[in-house]
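Labels A, B, C, D, E and F are assigned to the chains in the order they are written; within every chain, residues are numbered from 1.
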Amino acid sequence: MNRNIETFIGCDGDYDYAQIVLFGAPFDSTTSFRPGARFGSSAIRHESFGLETYSPYQDKDLTDIKVFDCGDLELCFGSAEAALKDIGEKAGEILFDGKTPFLIGGEHLVTLGAVRAVAERYPNLHIIHFDAHADLRDDYLGAQLSHACVMRRCHELTGDGRIHQFCIRSGDKAEFTFAKAHTDMHKFGFEGLKELAEKLAEEHTPVYLTVDLDCLDPALFCGTGTPEAGGVSFTELLNAILTVSKTNIVGADVNELAPMLDASGASTAAACKIVREMLLAIYK
Amino acid sequence: MNRNIETFIGCDGDYDYAQIVLFGAPFDSTTSFRPGARFGSSAIRHESFGLETYSPYQDKDLTDIKVFDCGDLELCFGSAEAALKDIGEKAGEILFDGKTPFLIGGEHLVTLGAVRAVAERYPNLHIIHFDAHADLRDDYLGAQLSHACVMRRCHELTGDGRIHQFCIRSGDKAEFTFAKAHTDMHKFGFEGLKELAEKLAEEHTPVYLTVDLDCLDPALFCGTGTPEAGGVSFTELLNAILTVSKTNIVGADVNELAPMLDASGASTAAACKIVREMLLAIYK
Amino acid sequence: MNRNIETFIGCDGDYDYAQIVLFGAPFDSTTSFRPGARFGSSAIRHESFGLETYSPYQDKDLTDIKVFDCGDLELCFGSAEAALKDIGEKAGEILFDGKTPFLIGGEHLVTLGAVRAVAERYPNLHIIHFDAHADLRDDYLGAQLSHACVMRRCHELTGDGRIHQFCIRSGDKAEFTFAKAHTDMHKFGFEGLKELAEKLAEEHTPVYLTVDLDCLDPALFCGTGTPEAGGVSFTELLNAILTVSKTNIVGADVNELAPMLDASGASTAAACKIVREMLLAIYK
Amino acid sequence: MNRNIETFIGCDGDYDYAQIVLFGAPFDSTTSFRPGARFGSSAIRHESFGLETYSPYQDKDLTDIKVFDCGDLELCFGSAEAALKDIGEKAGEILFDGKTPFLIGGEHLVTLGAVRAVAERYPNLHIIHFDAHADLRDDYLGAQLSHACVMRRCHELTGDGRIHQFCIRSGDKAEFTFAKAHTDMHKFGFEGLKELAEKLAEEHTPVYLTVDLDCLDPALFCGTGTPEAGGVSFTELLNAILTVSKTNIVGADVNELAPMLDASGASTAAACKIVREMLLAIYK
Amino acid sequence: MNRNIETFIGCDGDYDYAQIVLFGAPFDSTTSFRPGARFGSSAIRHESFGLETYSPYQDKDLTDIKVFDCGDLELCFGSAEAALKDIGEKAGEILFDGKTPFLIGGEHLVTLGAVRAVAERYPNLHIIHFDAHADLRDDYLGAQLSHACVMRRCHELTGDGRIHQFCIRSGDKAEFTFAKAHTDMHKFGFEGLKELAEKLAEEHTPVYLTVDLDCLDPALFCGTGTPEAGGVSFTELLNAILTVSKTNIVGADVNELAPMLDASGASTAAACKIVREMLLAIYK
Amino acid sequence: MNRNIETFIGCDGDYDYAQIVLFGAPFDSTTSFRPGARFGSSAIRHESFGLETYSPYQDKDLTDIKVFDCGDLELCFGSAEAALKDIGEKAGEILFDGKTPFLIGGEHLVTLGAVRAVAERYPNLHIIHFDAHADLRDDYLGAQLSHACVMRRCHELTGDGRIHQFCIRSGDKAEFTFAKAHTDMHKFGFEGLKELAEKLAEEHTPVYLTVDLDCLDPALFCGTGTPEAGGVSFTELLNAILTVSKTNIVGADVNELAPMLDASGASTAAACKIVREMLLAIYK
């Protein structure tokens, strides 16, 4: 008799043959509004059984690709640095084995753990960032390791012009000023993404794709802790992901699903579908 | 003093004079994900009092047409065949009396009960099918009478080319392959519907319209048990219904509202409005 | 040590220097479907701390303008006339001090209290009305002071052609007939708003803007008590507000948020953003 | 084919032969905290189908007694006096026909409508009152017709010593002072009820029993709008009802179920059981 | 890197050395009121990580005993017989290997599958049954395999006097009559349990313990689909389980947790604790 | 016109004359299960308007005592040490001014901040601790500043025999072993509290009372993040508080209300009542 194994649907291949490795980072200690993103990765894995493995969008099937899901890390609540260290080590291990890390959060700060590892391996890394929030504060209520600062910390790793932000519609004035000088920010939607993706693809630039699910309009995606009206739709996000997938993606994450806020399960189901489509799109 | 009578708003005419007869099929035993569609018909009837009888879309009023609501059937949970038999008999009785059956589910399998009766009366029946799911499996976990197989069973009654599917965005690979050979499937939206409706109207072909409410995007309609991101909007669905109403509709259903998942009542209210608009549009 | 002061975010200036004065009217006694709008103003104030003071839409910041928030009135449940009297007096006091009253409901009937005061000061007042419902009944179940009659009562103050209704998609037949004769009704959306705003701006006509949040599609804004499918989106509403802001707005309100129906908080957050954008847009 | 009739389970007898007549009063306009009791009577009727007609507590069956359910009154929201008038007339009609009125609220104020009719017929009426709140204010925010004043208004009809209050654990100081002088108040629980019931039964005094469901501990009965910790349990309430049923009950009501607050349905199910047990216990 | 394994907390031993084997039966097709018990076993496993492995009630620790959790069966919705066959086969396999089957439902009908296998191995089997409902109907709306008939079907396997029912407070009159003649029914609570357990323990009678969680008062345990007010408390149930554990338990189950109705998670957490305590108490 | 001031009901006196000072600590970064206690203090303040100022339990009124509510601290999420420092400073300031600090959490870790300040002022401090959990771990997943370690950290300040724990029913084995050697632990309920309180009162020992609301049974109090079945009732807790109030209380807190889990508001209302009763009982 076998033990009970639970992975994202269709992601039950062997580690040795896997090209992409899923791992969860159930951490949300720095969330400043409604917490609960810690349950995101687990809910996505659990609810993925309501999904088909086949995508009519891409005419591809998860059963035809090789993905390994090693479950959630056990992270220390209350210590952002310790959590980021564990995330970075796991991402580093996956990269060392020649595979692509695919992180599921958790709050957006977890991205920093993965980006540290990926940026070390790919010094010329670009980051494509879908989010309602700029996340460019230098500190938030005294903390530099905060979800509200994560892209600022990433900028310290990549330098100017390497972070491409889309869907941004919230931040304090200083963040928008910072963006003008240091990042490539596109407000409200995905304008300019196609041109960017083509350019990066042509140059075969290594790209890290980070999807904060609150880029979606909270009217359409209520399962997130910091709702910002005025976002994009599922179809727009799906198309954006397919656009980005033409680039050389060397790492990716999806974060900020807060299942406690998703009473009907519709947001969690949408997040599962985003993960399926990203896996199928990124797989080479 | 009168007993308490509860019907869909404005549908309190005499049976003898009615042209359309509403009946509910509170059954969801084969639902494989989140159950609760059994409460759909009752919730639609109950919440319809929050609706006006007048439609500004069609400039028509339910008080001007003749619809009879005979309430919900009492169906046996756990036995799909018994439930379908009861549904078929009720639909047959309505048809025999020269009226149009209008079924409110329940899960989508209930459609098969009504289609059996309608197809017997109208051998050249066509089915127009709005749904997120293809519902074309031959069996699901061993069961041939399952919500996931309902259009496959209908196909056995109608034969090739008579089932017109719209909004489909989920299924396993085999279902999409089956559709290419045997049904008229339109993925994702309503493309091609106008042309189809015009052709069927011209030929005065008898049409059964089955609306699985999960054709709507679950971000917009959370009260359904198998959410599939990427669907249509209420306005698109409403326009599609008005388009189809030009054909010779001889039976119709609306199904898969799961009110337990609709905490705010917005999905139930939308379903009520769909029913009102369908009644007004179908009425001759 | 200071007492706990809670205002809408960024609205903590001095009364004497304020140009706009926020006040809440927690009243919903005449609501005929799902009640709870009484908690709207308080929830908007409370949840506004999840918002930034800076608007990337208008590139303006609440910290740069002068708004005073005096909290909620204490209104008598069960007596519409008493409640309206208190609302009217508060609005009158604000107008007397040369400031703009900004009312947060509560059910839509509260608008009548403010409009009485504003119309007294500005006899040539026009009203711009965003709503799913016509609100033009003469009485509702015998009551003339009902949310369903509020624009009819306002019409008695302004006369013909001075009430401009947008997004209307529900009412009984008589209301639509009344509108044809007496108001300027635009069904379903914002068609015609731009032209109207330009004309009113040119003539410097005093305008009262009343926003019933159920003009938004309830699929996108579930936190309201009388959901009417088929409404506008947040972005459409935001643009409409920016369009209207070019006119001479002398009073405004936002009403019908029912937070008990907004389990995830997404509707409340959207309402907060509407208030922020209206304050920034109206401020001269 | 029959119209859809919906009554409380087992209460489908003829009016002419009925001994008890159920009617609902969907009114909550004076509720000062969380509204929604307007939906109480309808939810009780609707959910009663989850109940058996047989009571193992009393070894009696609803199918063996004669109760008629005439549904809900259509009451005017926003006007307490109009609503009370309609309730009183209906109760009067039932009494005139020699039957016992059994009212389901709605907020507690509805009791006044029924008590007016019952007290007119039975001048020596006593009232037994189960409630968390004293409801003895002379006015509440200026209104004399308020749920918070209902027993004070009843006292004006019955005079001193005729109102017997149990489970009371909330009120302002003045209400407790008033109770000492004018009513028979038993704080927190049912102490003294047995002796009272025996005395009233012996003297064959006509008794009106009013059950505000918030006498139950809100930890055990979350579906009520004004939760007051520290109440009684279902079993204690059931036993109290059985105790009171030995008296000559000439009218009764159950009120303050607010189904919107009862996400799981457990409170509504308990309320249904209370109604079943009261009907079986009161029936002679 | 390891795959993601998810078991009930502390139940991660080897199958070969295990004394108890946990398995889930996610089936609820015959549920006649609110469905959702299908998610019970999975939720219990998932939420058990919020529990400690140590019990201060028994001063025992799950890490000191040997339990194997093989996850959920994949059962066919809509076919009760097929589901029962699969459950029976799994229970038979566990019994054949000399281990104790511990089933987690699902609806109560699943018990029949396990009891068939256990009764075959232990012909003198007694069943101890904790439930709000008698479950003694011969059929329910035509179906003999229904949750409402499960103990009647078990009675056909064990014969008279071998089924000991506790906490029963709901059923139709015929079920209570049947119980008087054929089962050992104790209404409302656990009276008589201690004496029974002592007698069965003395005689070393093989005992199957089936716990329908709705024996708990729904006011205290809202996460169940058929709430029956007037049940026992967690502590009473816990003590009853400890009492029964002195007998020779050869099979056991816990069923009818419906997590969709347990918004706060408190019922699921209680169910987890019941499972922990049962495992620790049954282990020899 | 006045700004909007929001305090706990009846706590609007002047700071200078206040004897007790309320302050909130909205922090829950180390919560390891369901987060959300950060919203506890704000919800208690906000919902307290549903409460009367008068207590029939103590026949006292909040309007007769002097309490000052200075609102919530603005604490840094993600840094436990920084948050504790801010809490300690505020408590110290209140103590320095000769007043009693009354802290509302937040997660239980916040207690450590207040206890540090109180223990510094009262070196012979005893702590009375009501909780489901022992909170005696030395570290939790590597963190020493965790809600699961808070009483262990307090023990480092007070030494052996000064911490009196009641209602404890969860912990790992080591915590119970630690308690036997170092604290005065009473499992499951309040046994022994009366004797302890009398002894401490007699000796006039300074006492800090910390109430983790999860000492209540989660079946009765679902609004808490770490539900542990088998707790005490509201009335038991109320009586325990009145018992402790005879001692010399020099500081107190109430924590772990997680309002997001309290859909009906019943838990929040109970927490408000606990705060009212504690204020009235502690006031000298």
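The criterion applied here is as follows: a contact is a pair of C-beta atoms (placed from the backbone, for glycine too) under 8 Å apart; a residue touches a chain by one contact, two chains touch by 3 or more.
Just so it is clear, the structure is predicted and the values come from calculations on it, not from any experiment.
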Any chain that touches chain F and chain A: C, E
Same-site or different-site touching of chain B by its copy chain C, using the half cut: different
Euclidean distance of C-alpha centroids - chain E vs chain F, Å: 38
Averaged-CA centre spacing for the pair chain E and chain C, given as whole angstrom: 55
Where chain C touches two or more other chains, by residue: 34, 219-220, 263
Arrangement of touching chains [line / ring / star / complete / other]: other
Pairwise chain contacts, counting only pairs that touch as defined: A-B, A-C, A-E, A-F, B-C, B-D, B-E, C-D, C-F, D-E, D-F, E-F
Residues of chain E touching chain B in the complex: 28-32, 34-36, 38, 74-80, 82, 140-143, 145-146, 260
Footprint of chain B on chain D - complex, ascending: 1-7, 12, 15, 21, 42, 45-46, 68-72, 93, 263
For the chain D and chain F complex, residues of the former touching the latter: 33-34, 168-173, 176, 187-188, 217-220, 222-223, 226-230, 261-263
Complex contact set, residues of chain F against chain D: 50, 52-54, 56-57, 61, 219-221, 233-235, 238, 263-267, 269-270, 273-274
